[in-house]
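Common to both upcoming complexes is chain A, partnered first by chain B, then by chain C.
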Partner chain A sequence: MDKKPSVWSSNRFWRRSATWVTGVSAVLLIFLTMDSMSQMTMGTAKDIENKVAKRIPSPVVINYKIDYQLNRKRGHEVPIIGGMDANGNSKYEEKEKFFGRDDYSEKEASELIHKGKLTIQAKNCMDCHTLLGNGAYYAPDLTKAWLDPTWNTLAAAYGGKEYAIAAFLQNPPAMAMHERKMPNLGITKDEAKAVVAYLKFMAAIDTNGFPRNFGKIKGAVDARK
Partner chain B sequence: MFEPCTDVVCSFWSILNQGPMTLTITLHTLIVLPMVWIYFDEKKKMERGDIPQE
Partner chain C sequence: MQGSRLYEGQKLALKYFFVAVVLFGAQLLFGLLAAIQFLYPDFLFGVLDFSINRIVHINALVVWLLYAMIGAVYWLLPDEAGIEVVGVKLANLAFYILTAAVAVVVLVYLFIQVGPGKESTIWFITEGREYIEAPRWADIGIVAVVLVFLYNVYATVMKGKHTGILVVLMADLIALAGLYLAGMFYTDNIAIDQFWWWWVVHLWVEATWEVYVAAVGGYILIKTLNANRKVVEMWLWIEVAMMFGSGILGLGHHYFWIGTPEYWWEIGALFSALEPVPLVGLFVHVLYDWGKERGKGNTIKNVPAFAWLTVETFGNFLGAGVWGFMHTLPQINLYTHGTQWPAAHGHLAFFGAYVAIMISAIYLGIQGKAGLKELKMTKAGWWAITLITVGVLLMTVALTISAYVQTMVERGMYGATWEGFFVAQADVWFTQGMGWRLFSGLMVIAGYGFLVYDLLTCDKKQPAEVYEEEAAAATA
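After this line comes the complex of A and B, so read on.
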């Protein structure tokens, strides 16, 4: 009988291996968490001024035109803020009036978006909708709702798409455009403006192409008609 | 061939992640190679009889 000991049946070998894998994985996860934190940190007005791309741009992004274009290298649509340069990156130049203004300061824009967030929470939008993928699947995902081509068709009648969205939010049944009608949640004029600011800001977040196939909606972007 | 930054915000991982192969090589270097070393280390100790019977 062969008495040669086998490493594979040794407890010590498996214990050392398991300790090593667990230790390395723990360190790796800490590093990856730090990496995610840097990706999730909100940009500042200075970043936009200096044309530094951030996944979550500063709230002052509501002063700019937001578009969504196919990036061939990344293989999905990416937000284009303030016009696109020859390399397919944001130029941060082209402004767009938001409720008649395109000079919101970082503080003003931040407060507006915060109020929008509080309204979205208070009115329980996520009972039906999803935001950045979180919520219920009864009504459309709102991540890129600002870019929905429906608002462009209504923009002329309301003097701008932000006014059209705000009018819809204040009395959705009156502007119902789907079988599943959104109820009137008693959103005030100020709250509606804040919610629209939040939606515009959210459309500028680089979500790695989420929601998938949004770019295929005809007219939503120029990319995939 | 070598991109300085492959993610929206530059970081250590965005430099490392040039494609799936770079991450695979890194993880193998970090995890699998040391395990191969552990295997031969244990084998050597066993053959020398350094390990008490459990």
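After this line comes the complex of A and C, so read on.
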């Protein structure tokens, strides 16, 4: 007469299941996080000398030419630092002047990156723009802003695109590109330089191919003209 | 003396609910300003720029939900445990400290806005990190207040009854509070910055907050339908297993493009695709209990609370589940990441998963404060739930249409450049979506007006039989 209740309707069974599932998931997450952290630590100047690819490279990448090209093996675009070899990998050779210099030491470059990141947070950039695709959707994504074709057209007039971007940041309404203007946030000359350094550094971060086809199919609608 | 029936903890809950509703209004107001700026960019330019309006919009959202969540716990805690909240005086003090701190943070957002690129800005003005912009001093204050809250909960449950709902809440709240610490450090490495930032944001809204909702939802079912506690608690454990089982590793769907290893593609895709499953469960559970109790001829003890709970389960499934799933796979997310897609998803998900259930909990508080055995839906309450729900659904559809246009034009056709961004933003289909978003936002604000009116007056506007039953019970 007294039927044993099914385990499927037992609170004790489900409580134990919940505890186990949560515990196992949390342990896996911690393990994966530790592995990710080891792969995501910022590279060093030594890594660049030894041509060791890092997902987040050393700040001294600001001394090098940065590009973003399709890597056939990985099937998407990857940052190219200092020129590309035949296999589509970075050569870490070709330099590029940044505010007139291409010999920033690791310490100098790190200080620029530090100030740049602080300024990006202090001006709430992420509440209009996206960085690495995260943030607000009122203004363009900045992940590869350093490589944006817009700056190539302005570079000549300012003696280099870093100067053009820095001028823009110090008084954005004066160089407005669209009716949706960026406000003047009181960015100083030093802060502007540091932010530009950060944008260049960020363009060298390996984002697994985001954004796709960056700047490749401009005007695709009129491509056949 | 109506108030004397309440525990001191419940009186404190009402204070939390009050501030929550005020901040909800601030959220809507600043959302409206930002929505106007999408269409008329010169509106308040240089005075209250989009970034500032958006900060207040999303921070007010997070803070009012946390207020309502803390309030709901103080409401149900003495009721479930069967004793007064332990350390309630300290809890009251913490409430006033937190509220003063929130006021200061908001005033600094509005009037100081930005600072120089130095550590001092991070400490005193803004951290500039979406959702958790609050400066570091406020972070530390929040942690202190939360510790008081945890002490209240733990000490009360230890002394009183240990119900399943309380056990789940105890475990969940400690995780929720601990995760906040992951967002309290500075690093120059933006990839690592965002990695830990998602620990806070994702593991809150897609794991610990969801479990919180399941627990409080269970309590509301018991209160509004007299649902069987054993069944409710069994469902609760199943939901905890499914939510943490999918949500914890579902974190991976934020790790596709931020400098993270590729293995997160597979992990994030698989587990985040499972995230809607418990939300379907929650939905089915509520409808099942509703049908069962109605079949027995039982009345709903608090109609507005139950109606909002139903909106919650439906909106959670649709907004968090369906709209989230639509762009969670990396193959699609590569093109939708950083567009209006997450905005469309975010609006319906936050509303469906959290706003609706917190309004439901507030209605329980209103009923308890008035000491009514039953609370029926009033005209104003009906208008509030209809305008807000339809408004948010319409907003989501409008943003989704804009998102499609942005994805196709900016990402598909132009390869994500600045030019592509602005071409897409100027596309007539995009701006139409933004126009409908503004219209639907006004609907939500009208609904908010009805909601506030109803919360203040619904206990006095009940049909005659509610008071008659009350009087009969009193004389019996």
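Here is the rule we go by: the second predicted complex is superposed on the first by the 181 of 225 C-alpha atoms of A that agree within 3 Å, B and C clash if a C-alpha of one lies under 4 Å from a C-alpha of the other, contacts with A are read in each partner's own complex, and residues count from 1 in each chain.
As a convention for this text, a residue touches a chain if its C-beta (ideal position, glycine included) is under 8 Å from a C-beta of that chain, and two chains touch if they have at least 3 such contacts.
Since we're looking at a predicted model, the values are computed, not measured.
Look at A:Asn134: by the touch rule set out above, it reaches chain C but stays clear of chain B. In the superposition on chain A, A:Ala53 makes contact with chain B only, while chain C stays out of contact range. By the document's definition of touching, of the two partners only chain B reaches A:Val7; chain C does not. Looking at the shared chain after the overlay, A:Cys125 reaches chain C, while chain B stays out of its contact range.
Looking at the superposition, the partner that touches the larger set of chain A residues, chain B or chain C, turns out to be C.
When the shared chain is aligned, no partner comes close enough to touch A:Ile30: not chain B, not chain C. When the two complexes are overlaid on their common chain A, residue A:Ala156 makes contact with neither chain B nor chain C. With the contact threshold set out at the top, residues 10-11, 17, 21, 28, 32, 35, 39, 41, 55, 206 of chain A are in contact with chain B in one structure and with chain C in the other.
Listing the residues of chain A that touch chain C in their complex gives 9-11, 14-15, 17-18, 21-22, 25-26, 28-29, 32-33, 35-37, 39-42, 55-56, 59, 110, 113-128, 130-141, 144-145, 148-150, 177-181, 183-186, 188, 191, 194-195, 202, 205-221. Chain B makes touch with chain A in their complex at residues 7-9, 11-14, 30-31, 34-35, 38-39, 42-43, 46-47, 51, 54.
Interface residues of chain C, counted against chain A in their complex, comprise 34, 37-38, 41-42, 45-46, 49-52, 54-55, 113-119, 121-122, 125-130, 133, 164, 186, 188-195, 197, 230, 233-234, 237-238, 240-241, 244-245, 248-249, 251-252, 254-265, 267, 334-335, 337-340, 342-343, 406, 411, 413-422, 425.
Put simply, chain A touches chain B in their complex at residues 5, 7, 10-13, 16-17, 20-21, 24, 28, 31-32, 35, 38-39, 41, 53-55, 206.
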